[in-house]
Amino acid sequence: MTTPVIEMKAITKTFPGVRALSDVSFDVRTGEVQALVGENGAGKSTLIKILSGVYQADSGAVLMNGKAVHFRHPVDSLRAGISTIYQEFSLLPERTVAQNLFLGREPRTRLGLIDAAKMRDETKEVLALFAAAGRIDPDRIVGELDVATQQVVEIAKAVSTGARVVVMDEPTAALNEAECEELFATVDTLRERGVAIIYITHRMREIARLADRVTVLKDGEVAARFDEVPAPNEIVRAMVGRDIADFYAPPASPDEVGGLVLSVRGGGNAVLDGIDLDVRRGEIVGLAGIQGAGRVALARALFGDAPFERGDVTLDGDAVSFGTPRAAILGGIGLLPGDRKSEGLVLMQSVRDNGMLTSRAFASLWSSDRRNAHSDTVRMDGLLDHMEIRAASYDQDIRALSGGNQQKAIVARWLSMRPKLLIFIEPTRGIDVNSKAGIYHLMRDLAREGAGILMISSDLPEVIGAADRVLVMQAGRIVAEFPHGASEQDVMHAATAESEVAA
Amino acid sequence: MSDRTETTHARTRRLPQINPVWLLLAALVAGIILMNPGFVEPTGYMNFLKRAAPLAILAAGQVYVITSGGFDLSVGSLITLVVVGSSMLTNNDPAATYWVIPLMLGMGLGVGVVNGLVVCFLRVPSLIATLGMMITLNGLAFLWSGGAPRGYLPDTYRFFGRELVRDVPLVGFIPVSVIVLFVVVGILAWLMHRTNLGRQVHAIGDNPVAARLAGVAVNRVRITAFMLSGLSAAIAGILLGGFAGVSTDVGSGYELQAITAAVLGGAQLLGGRGSVFAAFGGALALTAIFTLLNFLGLPQPVRQVVQGLILIAAVALAMHRRKQTGT
Amino acid sequence: MKRILMATGAFAVSVVPLHAQNFDDPQEFAKQQEQLQAEPMGPEGQPWLQHIGGEMTETADLGLEAPATVCFSNAGVNNPWRVVGYTNMMQEVANHESIGDFVHVDAEGSDDKQIADINDLLAGGDCDVMIVSPNTTAALTPAVERACEDMPVIVFDRGVNTDCPVTFVHPIGGYGFGIQGAEFIVENVDEGSNVLMLRILPGVDVLETRYSAGRRILDEAGMNIVGAEFTDGDNAKTKSIVEDYLMRGDIDAVWMDAGATAVAAIEAFEDSGYEIPVFVGEDQQDFLRKWQDEDLTAIAPTYPTFQWRTAVIAAARVIEGEPVPAPEWVLPQPAITQDELADYVNPAMPPLHYAMCGCESMENYPDAWGGN
Amino acid sequence: MSGSEGAPPHKTKSGFRLERWAPLILLGGAFAIYVGVVLATGQAQYLTFDNLIAILGRSIALGITAIGQTFVILVASIDLSVASLISATAVLASVIMDGSPAMILPAVLAAVALGGLVGLTNGLVVTGLGVNPLIATLGMSLIIQGCLSAFVSNFAGSVPAEFQVFAYGRLGPFPLALLFLLALACLAWILLRFTKFGSDIYAVGGNEEAARFAGIKTRRIVVLSHVICSVCAVIAGLYLASRLRSGAPWIGADGVYDLESIAVVVIGGTVLAGGRGGIWGTMAGMLIFSLIDSVFNVAGVDSFAKQVLRGIIIVAAVAFYAARSKRIVA
């Protein structure tokens, strides 16, 4: 093996009241993929931010090609050849692909003006590296592209800087399987070109597929280092300090599944067509599919956010047609949005207020906030206790809680409404392994208590493991159904088969 | 966020937090008393409260709109319209008061409804929507009166802004407007901090998308916030008309003062945080600043400068504190 | 930041007194004092047709033919005084057959807009005579000069820094206003009495001259001026200021540079339980009524709104080729005293109506002015 | 909801984007109304070339201010201090010139320096102290106005005839000031469209964090935008001093240049949230305002009714393209 491009030595970083990293050493070599794993809060992001110059370490050293470097600003690291792709897209939706790719380092003409022609040409060159992206017009407005293509642009942007080190922070979080494969291919290409890649992920499958070496962080320290990719169990044990035997809750036994809660026949709108869907009391139905297959659109249609324009929906035996989320909630549907921060939480309000939000929304505006028909503060506190939410006080702002605890507070919001159907969108996105198991068990408990659960996830093993039935969507239609425990390959094939033919 | 940060937050959170606006107010009042010992007499502080009443009521209403994420710039001209309209309608008839006042309150609510509808359904940002409303209402006030209001405000109407309740134990007398002030602020504070309305106003200002997906009737709550702001402006107009009689530019400048007062009270622009009591404190502090500068014999220009500096300093300080506590 | 503004400001202060309009001009003061005593020429009982000083100019050579289009660039109708005046004007226009079209553009109190308005009128090419009520003197001068090149111009209320207009219609002026009120106070209280002076705004020419004249007379008579405060013309603020002064000591007389907030000031005395002192107000109905009801010792100097009629009359004369007083048509500026009070109080009129409108005998009185 | 797969809301791939054309459509509508009113009232003389030029030149000061305001709004900030700054620079310049042609240059330099300082302070308070720009510039406005009125209460100083050329000079049939405005707009357009600085402005307004991570010194961009805005206000102040022959402490406030310039920019399609819009929209917005004024004058609309209509028009114009957006606004 060659000498490391990047070597971080004995890095320690303290925030007011928290020691985020202590004595962490880490290195990555040219032409390898180094997986960096660990629970949320283990220190991965802090380590990366030190590498990319967002934070400065309290002590320790960063060496690049053996020479000490000090990055005081993200630009410093960028100039040195380290390119970081963050979880949140950093694209400008109102600007073109080319403008985004060359953001902050636009080529210029002799007059000092931006050289638009050169920018366009170089954009085409860079995009040509990516199979799917070759057809992207450099002059397209990014906001008009779909999410997956945006992700490609995002990666292209990192590559186009000629980076020798690329950091990817959960790059597949927003991608489906097919897109993941495309991404993996891109990563392979980069590796072949001698780029060093630091790859942060929660997904064991990706580690197995991509990584050359693995470093596990736990509580701000290096818990384990593997020079070859070990069995997933070993990694998980290093991450959480124990095995997780019952990661997924057991599937529903036949007698637990009751009558129909939801039934859709011939549902459709601008994005969906011919949707036939049944969800029964006590069962968890998973929805799989590639990006844009219509899973979230289906959820939005059921929830009245972008309603069906045709077809019939019956909920608990009654024909219904919901035009707004409010109407859907009143009818007995609940929904946990996919993006907690932007769609789920009211961050500046307390944990309790977040939990009581929905029950209050259906009480009179003018009546007391402490008690309403669905809940009261005492019951809500009990519910929060029951779900073992870790908070100093339920009066504290919810923004200070971890992702898993935040998600539980949103679940509590729906529990008080006793919904007949509960839709989970990406319920475990950005949640650490321990909390994930908690969420799966919570879903199962809800189903046992009589609710129907519809779960949408881009994490294929999760859909297969947690759901009793898996429905596969493609191009706005439901194209296949699999029982619990189906093989990933089969599901994958169903999700992509036709589109491969089409392509 | 790691779980360990929670505990540190908890520690800073449990420290007794006094809203700095009360410290500011205390300092200002001390200054006033130093300059004018007569302030501790009922005439002194009651006059002060009477003077602050319209602004305090206005700020208490404005804080609803600010907390919900918007602005209401139309309140100043709404005040003018209420005073001018009252003079046109009462037309010197003392008996008219009994239907004119409810009508004016209704008009305040109506203006709030229109503001809310424009923001919610035409999707015009409230800064522009209420700016348009401000210009329109000002024009309406002139159009209605032809530029010179036609009637006097009868004493029955002016009762709320001008009269005193005498022979009150302890303080001697209480201006009616001060009673109105406490009742209105009390009700608005209760609505904001003890009812579903207040919680949902906070929620839609904090994250309207999440609130909508959680079932909050975002439009209804937002329109209600604008209605309360309009209502408070109508009440402020009735008090101002009562206090000082008819004129055609009573309300000008009040919209920015109301926003200033709310911000001094720690309300967060663009929504999510706001307290009616603190806005009330902000209004008192602002009035106290003016009073103090008057006693110091400082001219109007200096008052402007001081108001500007305090405004910036208050928000800068709040930002600094927020950064420190990480909340 | 602040220091630099202060520095530039200080620089401004050091320069301004040399060049700004002089608001305390002893010559102008004496001239207006004299004009107050002068016997005006013209028909008795119709002050809007009268003039002080006898110079006239011929207009026959301007060669206009009736009916002609008169264009009026108005600074604005943004206060009750201008509203009453504008009503006077529109009613007066109806009296003149020689005036065909009457085009009115309103600058809403902005110099920039008024300049643009005048340019629009000139570009439109419709006007035969132009009447201008300038928003400010200095700013409108170039625009008026341009208008003069195309047609006869009549300016009223505020003047312009050029003698190109046919005539400039205005009452005696600010010094006169200040003199009348202050002399009344001097006659009615003892030397050394406490006088409170209430002013609207700093910097407005007509108001500054009123103040300097009033101040001069009160100082010379040995009055103790307890304060001179700006009220912004705001009733609530006026009332608060007076209340604050009452907490500090007695007030024997109140002088005001404009009467808009006089009633609020009087109410401050009433509400605080004090006798109402000697008062200088203006000719607005609410003040006159209060004066009559409470039997005050008061006077109401005026800045008569009938000058708006005179401007139209001057335009008509220009069209008809008749001589007009020029270069200035100085109108009388009567003050309303106790003796004449009953003639001017009219409960049928709106509270903010200016009584010295010279409009009582006009056709649509009182309806057009908002009276019952 | 974005979720893992936001339903594709952009079915119309790179097709007709209304918000791009809205200002032009509005402008066309305003012009059509103007022509309609002129013809309906039988005053065809208002359709001459001279008159159209007069309309173009009606709101030059507003146009110059709005160009500056466009920059700050594009970076998701706002500037309420322009009106006071206009007054302050008009007074400052006129006092320094004081009728002497030799002092024109020092006066202009002093005014620009003052503007630079105000813009710098605004920018630093917004970026450094984290004060909401609305509050920061409102406070600044009060401070400037207070300092100004503490020293000057009327027209002060005077502008030499040579400087009046700025407002009154003509080049052939065109007023010099109009050509200047056009040149300024072109300059701003080039700056926004073809330079790195312009690209950075859109980046900062569109996604501040992304811009920062791309190595853009975001604070510097915001501060610079504020400086540009203030300098534009200074130019508007100089123009007004030239036009009014002197400066007075109320000319900015009387023209309501703060709120009107914001309204012009927003009507021109620049979004208050930043990152989208441009100079030509703003110019269209300015023309719409001029046309509205002219329509009112030609139609002889009562000045009170004018206000009512103007308020409604501002809201309606913004609603014209905001109404179809799905975003929740507050």
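Order as written gives the chain letters A, B, C and D; numbering starts at 1 within each chain.
The rule is short, and it goes like this: contacts are C-beta pairs under 8 Å (C-beta built on N, C-alpha and C of every residue); 3 or more make two chains touch, one makes a residue touch a chain.
Labels paired with UniProt names: A = Ribose import ATP-binding protein RbsA; B = Autoinducer 2 import system permease protein LsrD; C = D-ribose transporter subunit RbsB; D = Ribose transport system permease protein RbsC.
What you are looking at is a predicted structure, and each value in this text was computed from that prediction instead of being measured.
The fewest steps needed to get from chain A to chain C, moving only between touching chains, is 2.
With contact taken as defined at the outset, chain B and chain C are each touched by D. Taking the mean of C-alpha positions as each chain's centre, the chain lying farthest from the centre of chain A is C.
Work out the mean CA point of chain C and of chain D, and you get 35 Å between them. Distance between chain B and chain D, defined via averaged C-alpha coordinates, is recorded as 30 Å. Averaging Cα coordinates per chain places chain A and chain B 43 Å apart. The set of chain A residues that touch two or more partner chains comprises 305, 337, 342-343.
Contact with two or more other chains is made by residues 142, 146-147, 209, 212-213, 299-300, 305, 309 of chain B.
Across the assembly, chain D contributes 1, 143, 147-150, 303-304, 306-307 as residues in contact with two or more other chains.
Under the contact rule stated at the top, the pairs of chains that touch are A-B, A-D, B-C, B-D, C-D. Looking at the complex, you find that chain D touches chain C at residues 43, 45-46, 48, 50-51, 54-55, 57-59, 61, 88, 91-92, 95-96, 98-99, 110, 114, 117-118, 121, 143-144, 147-158, 164, 168, 240, 243-246, 248-251, 254-255, 293-294, 297, 300, 303-304, 306-307. Considering their complex, residues 73-75, 78-79, 84, 86, 88-95, 99, 103-106, 108, 112-114, 116, 137, 140-141, 143-144, 146-147, 174, 176, 270-271, 289, 291-297, 299-300, 305-306, 337-339, 342-343, 425-426, 429, 456-458 of chain A touch chain D. By the touch rule above, chain B contacts chain C in their complex via residues 36, 38, 43-44, 47, 51, 54, 87, 142, 145-152, 162, 240, 243-250, 291, 294-295, 299-300, 305, 309.
Taken in their complex, chain B has these residues touching chain D: 68-70, 118-119, 121-129, 131-140, 142-143, 146-147, 204-205, 208-209, 212-213, 218, 222, 256, 260, 263, 269-271, 299-309, 311-312, 315-316, 319-320, 323.
By the touch criterion given at the top, residues 1, 125, 129-132, 134-136, 138-143, 145-150, 259, 262-263, 266, 272, 302-315, 318-319, 322-325, 327-330 of chain D touch chain B in their complex.
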